[in-house]
Amino acid sequence: MPDASLLTVFPAPPSAPLVIEHVHEEFTSVCPMTGHPDFGRVTLRYVPGATCVELKSLKLYFHSFRNEGIFYEAVTSRIRDDLAALLAARWLQVVTEWRGRGGIRSRIIASAGEVPTEWRCG
Amino acid sequence: MPDASLLTVFPAPPSAPLVIEHVHEEFTSVCPMTGHPDFGRVTLRYVPGATCVELKSLKLYFHSFRNEGIFYEAVTSRIRDDLAALLAARWLQVVTEWRGRGGIRSRIIASAGEVPTEWRCG
Amino acid sequence: MPDASLLTVFPAPPSAPLVIEHVHEEFTSVCPMTGHPDFGRVTLRYVPGATCVELKSLKLYFHSFRNEGIFYEAVTSRIRDDLAALLAARWLQVVTEWRGRGGIRSRIIASAGEVPTEWRCG
Amino acid sequence: MPDASLLTVFPAPPSAPLVIEHVHEEFTSVCPMTGHPDFGRVTLRYVPGATCVELKSLKLYFHSFRNEGIFYEAVTSRIRDDLAALLAARWLQVVTEWRGRGGIRSRIIASAGEVPTEWRCG
Amino acid sequence: MPDASLLTVFPAPPSAPLVIEHVHEEFTSVCPMTGHPDFGRVTLRYVPGATCVELKSLKLYFHSFRNEGIFYEAVTSRIRDDLAALLAARWLQVVTEWRGRGGIRSRIIASAGEVPTEWRCG
Amino acid sequence: MPDASLLTVFPAPPSAPLVIEHVHEEFTSVCPMTGHPDFGRVTLRYVPGATCVELKSLKLYFHSFRNEGIFYEAVTSRIRDDLAALLAARWLQVVTEWRGRGGIRSRIIASAGEVPTEWRCG
Amino acid sequence: MPDASLLTVFPAPPSAPLVIEHVHEEFTSVCPMTGHPDFGRVTLRYVPGATCVELKSLKLYFHSFRNEGIFYEAVTSRIRDDLAALLAARWLQVVTEWRGRGGIRSRIIASAGEVPTEWRCG
Amino acid sequence: MPDASLLTVFPAPPSAPLVIEHVHEEFTSVCPMTGHPDFGRVTLRYVPGATCVELKSLKLYFHSFRNEGIFYEAVTSRIRDDLAALLAARWLQVVTEWRGRGGIRSRIIASAGEVPTEWRCG
Amino acid sequence: MPDASLLTVFPAPPSAPLVIEHVHEEFTSVCPMTGHPDFGRVTLRYVPGATCVELKSLKLYFHSFRNEGIFYEAVTSRIRDDLAALLAARWLQVVTEWRGRGGIRSRIIASAGEVPTEWRCG
Amino acid sequence: MPDASLLTVFPAPPSAPLVIEHVHEEFTSVCPMTGHPDFGRVTLRYVPGATCVELKSLKLYFHSFRNEGIFYEAVTSRIRDDLAALLAARWLQVVTEWRGRGGIRSRIIASAGEVPTEWRCG
């Protein structure tokens, strides 16, 4: 089941602000209605406060959804909430994009805070 | 015939706002003038209030137009109205795009409320 | 010859505003200087008032230009005027794009009213 | 030699404004330094006043540069001046784009008046 | 190990401002968690003050990360800090983009100062 | 060696303003550190004052860098300075883009004056 | 239900052989296991004997599968059999290509007779 | 109506064989079932005997189908027969490709003689 | 007028065979029926015997067609004949590809000798 | 000037055959007619006998053509001859592709020996 305790952090570099993006192409969970697997891409973007999420722990955290029956919207919100609690980031955004099911493909965006200027110029 | 009673909801995640997009590539209904089938793509975008539409119920709702004689404009408006009544969303947009008929292809947009900032940055 | 009496309407859906686009890829008329056929694409976009143009009637209206000797500019203006008179639309735009003649290809835009916000977000 | 007397006009349609674009892919003139042929694309865009330029006459006008020794900049300025004098357009722009010579390819823009709003939405 | 002493400068050209971009496609360092190699692209953009970084020295500086165990975020911040200290640039931006690890690919942006107008028009 | 005396001008067309772009795909000079050849694209954009640069003379001027040992930044600044002195242009921009060296590819922008409105609409 | 009696023919042109291809992008039937709609493309290719299939009747024949519960393989074989019986063609091929269901997309080919030489050179 | 008397020829160049291809993108005729216009591309390829078809006469011949009610297959066969009779070509092929009607797009190939070796190497 | 005396040769390199391709993108001549200019690409491919055609002389030879009224087929055959007479090549092919006229675009191939093995492996 | 003494070799690996390709994107020499620089890509492919060409020496050899006045055909033949003499390769091919001059771009192929089977499968 989704397990935020898998996530670990390390101190953010001290000086000027960073904008960080991690894109996970291989997310999978289970549809709570049909029990069939869902597949999607998860994009995490944030401006760190005092800490950054460690990448291998992020991967293991994503893997912990593998056998969880959970809606797309709940996946997106859960990741946003877990990482916001972990990181106390100055800005954070989670985008999930899902392969088609029954001829329908979906995209969900959850965020907190203002988009930083540096990102727009990236 | 189109049947909004097929639609079911589940509670939206409690915390910060989400922006949700569902794209259905396999919509079909019937032309009320000629009786011939029409084919199109339906895109639903919304910022939920207290509830989200369940995806399988959305699929069955779309299927309920299969043998209905109905204009493109009425399809678009009907879906917008049914989902607006169901969801009490903070913003909702329906876009239908139709394969050519008689050498003419069409696109219809219906919406309610302001486009959210999060969407523009997606 | 161009015949606006071919156009028929049906009542627009009652609730919130729509933005409608019809693209006709197979327009043909005749050059009034040389008698040779011209070929182009006609795009009609509008925000309806009380009525929408019926699609099959729109096709037949376009077909009525088939053997008419008429300039590109007059085709564009004529369609804009005929549909504006028919629909009393809140916004209406006609774009014609023409295949090359003598090594020159052309595009003409005629419109009335302000571009709606919904369209820009489409 | 370039001959503006080849250009003819017809009355612009009376009602709302139009934006017109003609793209000529087959412009050729002669380099005044080397005598070698130059090749380019000429794009004319304008919002007509009382008259429109007739397309076949525009083609013959372009052909009249075929054996003229003339700089790119002078071609561009000459076309702008001839058509501005002919049309008294509310806005007019001429863009010439030239195939490479000596490993250098060029683009020249000449215009008069403000870009119309309709064009930006085209 | 990363060695900023490898970096050398030469005087910037005296007259009007420049905007400079160097893109290094072959950056490699080592993951401090797993010991596996990481691969990425590093983009450096800056408006020089009195000096420019010499390109071969920049290459050798990038090579000095080859066997260093270091997080993506620290690489990005370290390069920004080393070059900011070296150049006293009026604006400086470092973007690192990393090939996938465990199904996750990443991008980090660090900068200092305002994006110059000249860059936006580039 | 770079030789601005190769550049010649001709009078700019008298009437409304022009925006001019010349793109040279075949620039080559020599690295002053290694003696190896460098290859790049040079783009010159300007709004002329009283004179325009003649294209063949521009080509020969570019060729005069062929065996010169010179940094990218100095090439860019030198071309900007030579052409600014020659043309007294109302706006002038030089962009150099260089093929990779040691896995690093570079782009340098030098300019003088404000970007003209006509260019943005090109 | 599928109804071959909808198909009509007209005499083939008398002289040399023809190769004919009709591609229908909007085929839909119903999955006999789940009751959900299936969507696909049907391609018919043949070398006529004495008769050709009339295009509008072919469209209506395809439409007659709309609410039929039938496997992909049976659709393909049925169309091949119905048209082979109708046309007595010298060669006939039916290819069906189906949108994904449960992450699986399918293609089925049924044919009769030898591929004609003319087709290979088309 | 289709009028082969519009076609004229000129003597083929005397020496070695040629392979000739003419592609007409603007063919239009009328559906004999519905009276609606059809649109397509006609490709003519041949190896001439003693004569070549003159291009303007070919254009006028294609135009003569504009208001003719005729099946795709008959168009293709008719053009092949008319040109074969006119040219006594050593090889001749006609390919027609038609825009979709009722969701069906079509392609027809008619030919006479062996594909020449030169064509395959083109 | 077309002038083969403009063509000059130089001795082919002595040792093993070469395959040579020259592509001229800027060919222009005049239609002998209408007097309007034609534009096309000419591709020359050959395996030299004792001599090669000099490139600048080839350019001037192509330019000599600029104001000649001549059919596409005759252009192609003429170039093949002039170059075959000049070069005594072991294989030679001329392909002309013409921009559309009256909605028809054309391609002509003339050749002499067998396609060399080296070309197929190029 | 071209200097084959710059080329050095190293022993080829002893066992099974290799197929080797080196592509140099930055070749430049000088036109012997006009004195202007030429630019092209040189591709070397070979199956080694006892030795392979060392890559840095190959680069310096290519650089030695930088200020040489030499025809395209002679460049191609010279490189083939120099490398054939150096390597005693079982198969060797040189392809040069040249940027346009006077609207003509060129490609030359020189080879020795049979194309190896391994290459065809590459």
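Labels for the chains are A, B, C, D, E, F, G, H, I and J, by order of writing; each one numbers its residues from 1.
The rule is simple: contacts are C-beta pairs under 8 Å (C-beta built on N, C-alpha and C of every residue); 3 or more make two chains touch, one makes a residue touch a chain.
The model shown is predicted, which means the values in this text are computed figures rather than measured ones.
Trainee: Which chain's C-alpha centroid is most distant from that of subunit C?
Mentor: The chain farthest from subunit C, judged by C-alpha centres, is J.
Trainee: Could you tell me the distance, in whole angstrom, between the mean C-alpha positions of subunit A and subunit E?
Mentor: 27
Trainee: Could you put a whole-Å number on the gap between the CA centroids of subunit D and subunit H?
Mentor: Each chain's C-alpha centroid was found; their separation is 36 Å.
Trainee: List the centre-to-centre spacing of subunit B and subunit D in whole Å, with centres computed as mean CA coordinates.
Mentor: Whole-Å distance between the two chain centres: 46.
Trainee: Pull out every residue in subunit G that's touching 2 or more other chains.
Mentor: Touching at least two other chains: 25-26, 36, 39, 99.
Trainee: Please give all chain pairs that are in touch with each other.
Mentor: A-B, A-E, A-G, B-C, B-G, B-H, C-D, C-H, C-I, D-F, D-I, D-J, E-F, F-J, G-H, H-I, I-J
Trainee: Where on subunit B is subunit H touching in the complex?
Mentor: Against subunit H, the touching part of subunit B is residues 36, 39, 99-100, 102-103.
Trainee: Which residues of subunit E touch subunit A once you look at their complex with the stated criterion?
Mentor: Listed in rising order, the residues of subunit E that touch subunit A are 33-34, 71-74, 76-78, 80-81, 93, 95, 100-112, 115.
Trainee: Taking the complex as given, what residues does subunit C use to touch subunit H?
Mentor: 25-26, 28, 36-37, 39, 63, 66-67, 99
Trainee: Using the touch definition from the top, list the residues of subunit E that touch subunit F in their complex.
Mentor: 10, 12-26, 48, 52, 54-56, 58-59, 62, 118-119, 121-122
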